[in-house]
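I have a structure here, written as structure tokens, and I will follow up with some questions on it.
Chain naming follows the written order as A, B, C and D, and within any one chain the residues start at number 1.
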């Protein structure tokens, strides 16, 4: 199963993944229109540890505790991807309470958002991976 | 072909079905559902009232769930007796269901104290089931005065659900604060304030003692006039069928880490059980959803002969009122019990982290709940504080405090 | 208009050859006729033949065939020859006057042998000395051109269609155990006899159909070893390559073929270790003598011939035999004229040399 | 504060309607051109620090940035150009020798661009490389002039050591120190995957890269940095660097600031000490000394490695090459005056040496005239920019080409020509860890492999067009070239005819 992996050795801390993610999930076709003047809410975040930076996004766990914990059945794992049915999510945030990576967050509407590997959005391929200038985030079998 | 019977049709039952199917693809599964609805999650009923979900979206699983999993559901039926010797469950219509393994997922029921004059109240409701919510919905009107007895999770969520649909809402509770089981005073005050800002009235350290028609007499002597009474005092695990069959029960049905009861072939999962809370080491009824599902699934796997263990239950709650989120998990030990607390308060937000004996044992977050799961995970998985940079972690839940090896194992493998 | 040697002129061609494995002598009649069905492969601007075993009575002497513009160039050339050779016979090559063959130069034949004193002074073997003399005459004696210089063999060529050239030289009166023939389709009209084919040096003669794309790489390499490519033709450079590889480097014809039309590296990979090593060695050491571009050639030498196609077989060439005779031509029709009953007709694959040797003692 | 005589050379043009203030430009600029003003929420720039490396431009996700040449010019003067005047300002201010990087940027003739390649029509068919084999394999090394037979009459197939190349291109010398660890790893891995060679340059070989030894040429330069027995034995060939096209006649100087950590260890000199390569090798003052060094190195490596002698293209290059061809060297590498460098005095870089095209033509012809072309292989470098440059070089007579500038461009270099500052934003010519990591060798090696694969395809297309299906039939095949806009003399030196002839 392909997954998004992080090669922190190559992460430049440029934060482009965050912007590419926010853009890909904005539903808009122009990045400027999507992001200009906005506070972005990406599903991938750069964390820093000393001089080292790395991107963190949903691991799409084998046994995702967010799915087990979801009270509405909005979260499910399909073909290896933990997805959200935004119609069903009521915004109880139990998933945020349980995700060991801190990879689910609240969206502007009060429900949650998380990385869905861009499978359904304009990018169609993880935008963080596609836009990473140094292959610090990759989408591959390991 | 093995036969499995599941008593109950809640989230634990759904987990149980999925657990069985992950280990046994052709066993016969029978589900005894007292409620006439396919599985839904009870906490959603307040969101139903609020309009955030509806009868369609409230379904926990797709309509094809039972047929996809080859489970037969007996709707409106109740299991009345289990013959553990003969391995048979008897239904209220006399049907005898033989089983190879059985799972009791009977959940809990509202606990209603014996109020004087309660019988004189015309419109009184519990707030547990979807049917409760549907009836309540029918009963309320724009100018209804609602009295909710109980300022716990159920009572407050009911209040939020009814907000905007009724004239006024009063919540009373004997405790001195809201959500007394999970929040301390300061945190509770924040939540209470948010509710009050939205028009909910509180009568705390006070409660109804007697009812007379549409009037409640309070312990303090005050009276409250209401049109609708919601009783949300507490819940109790449904253990009778288990205890009558001879299973050991205390406040809930006693189960081990395989969700096995003390009777052969009989498992139990969900709100009706009690097991160890690893955040404090005590046996408790942990009537929360994540546990219900995970227990159900573990029970299902074990019933079908697979191997699974559920041994890291902790209490945890995520609850929000009018946009203010409160999260809590684990246990809080005061200094007198050797506990320590880290606190960070700012402008309508509170973060409290509780540690004891080198472990994070619990936390309360009000307002800023971002990445709370990183703390939860530390409690559930008993990650020693010595292995993390707790100073960093206190400020900023992230992966950095766990060090590079941990991070690499999670992100690069 | 620039002549051959001043400019490089590509051309298309017809070739034909016959050899008797038993060394039986054949007149030129049959080879002349073989060129007739391939008339359209030539355009009248060059035709020629090489014949082996035609001068048995002078077999120990180099037979120089010469074109002269006039008597003064002949005299200049003969002066050069006399400096280093004993001339045992000098004569005009007999020809038949034909309306189709015009602008005939002076055509002479000499049977000569190098003076032993000269050879020992220069410390050269006689072949090397003869080859150098040919280079010298062709590059320095104005109006003189040596177009054949081997022993007991001769090249005959002219501007014209090959069948006319054959009659012009009265080749039906010569008897050879091996004949090669060439008809030329050059892409301009230089009208110079020396530019016709075969090209010959010592007893090596080449008839060639094609235009090699490696020409300048080959030329610039071979010129390091004293050859002077005065004509700028493929045939000339191929002849020098053959002379260099076989006479001077001592390679066998097969080995020479592995240089000229070296197998692809991918083919070499499939060979046995010994072969692989050998072929890799030849390709590496003589890499500049690899010939690319389309060609089919017949290399004549004393006692045999080798026919070879380029590696991709970009030019037609068929082989057939009957009894002691082996036939090679651009088209099967040419073979059928020589021998209607020829069998085993096949087209050798690219780079596969066809080597036919006359049995020992029969030439 | 003194007057700044020099107005910034570039302008940072930021399109405010496109900038989303993501601050990538700020984070990626080691020169600190960009900054974020939290108060206004706007990005600011200080163009005086900009070197036009285009890193920010490349990474800006909304293409809100461009760097343009400032149009603030000094008064026009055909004799005293802007650049000339500014150089005087700089020197008047500093009193120092001007330093530059990469190759000579001046508009001197590029002969490659005045040479055109032939193609087959009618009389000879072009060959389709998609349908027919097309061979680009090359063996570099000395070739015997006499074939020998063994006692049983077979061929004696012994050859002096050869380098086998899958195509006639190699990555030329760039030292570890002048370029980064990751740049070296990229080159090493690409060479290994491609069946080609890269060159350590004069900074030694990092221990991590010994595993790529089969595809490594180890260099011995006048500073002898990092040279020891294992080093010599680790490579597939040894190159003696006598000179470099960008700076013929002078040595090298890698400042102590770049001699850190592994660089110091690999060079075997103390951290922080300047690495100075003298102008001459102090044991080579004439051609016979070179011969001694060639044979010393051969002795040290048991005659298993071909020895390359690299020289800069200078006026009497043909005679020099002839001398080297008789020195025991197996390969001569000639570096033309446009060759790149990590740092060179500007005056030297821009005024010394001759074009590689003329040097190659002269050397190849000279070696042939002397009948010793087979003694050595000829490798040329100094601004080989494309597959067609390679094809032209081979047709002029080279066995293979050396590329370095093209290789670093593939790695991301934007030719801003400020390598000497050590602040390469592309992670190539720097030793700063946070910059070095910008070049992921996975990407770097892949891009080099791509570049070479593309060139190989193009070389094959060009060869096929000429009706040539093996690279050796192109070597020295000058008939395949024609000149345009060249004088009789230039044509004569190049040994080619004018187009139309």
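Everything below uses one rule, namely that contacts are C-beta pairs under 8 Å (C-beta built on N, C-alpha and C of every residue); 3 or more make two chains touch, one makes a residue touch a chain.
In this text the structure is predicted, and so the values were computed from the model without any measurement.
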Next item on the list: Point out which chain occupies the most central position, where each centre is the mean of Cα atoms.
Entry: D
Item checked: Which of C-D and A-D has more C-beta pairs touching across its chains -> C-D
Checklist line | Approximate Å spacing (C-alpha centroids) for the pair chain B, chain D | finding: 70
Check: Measuring from the mean C-alpha position of chain C to the mean C-alpha position of chain D, what distance in angstrom results?
Finding: 47
Check: At what distance in angstrom does the C-alpha mean of chain D lie from that of chain A?
Finding: 43
Check: What whole-number Å value describes the gap between the mean CA coordinates of chain A and chain B?
Finding: 28
Check: Got the chain A residues that touch at least 2 other chains?
Finding: 7
Note to self: Residues touching two or more other chains, restricted to chain B: which are they?
What the structure shows: none
Notebook entry, point to check: What are the touching chain pairs in this one?
Noted result: A-B, A-D, C-D
Check: Which residues of chain B touch chain A in their complex?
Finding: 11, 15, 41, 43-44, 47, 52-53, 57-61, 289-290, 293-294, 297, 316-320, 323, 325, 327, 329, 369-374, 376-377, 381, 397-400, 404, 407-408, 410-413
Notebook entry, point to check: Can you list the residues on chain D that touch chain C in the complex?
Noted result: 120, 123-125, 127, 132-133, 135, 137, 139, 143-144, 146-147, 149, 154-155, 157, 159, 162, 368, 371, 373-374, 397, 466-470, 472-480
Margin query: Residue numbers of chain D touching chain A in their complex, please.
Written below: 17-20, 22-24, 27-28, 41, 58-59, 61-62, 64, 433-434, 437-440, 442-443
Note to self: Help me check something: in the complex, which residues belonging to chain C touch chain D?
What the structure shows: 8, 10-12, 187, 210-218, 220-221, 223-225, 249-251, 255, 262, 264-266, 277-278, 280-285, 287-288, 290-294, 311-312, 314
Margin query: Which stretch or stretches of chain A touch chain B in the complex?
Written below: 5-8, 47-49, 52, 54, 56, 59, 65-66, 68-69, 71-73, 87-88, 90-102, 104-106, 110, 142
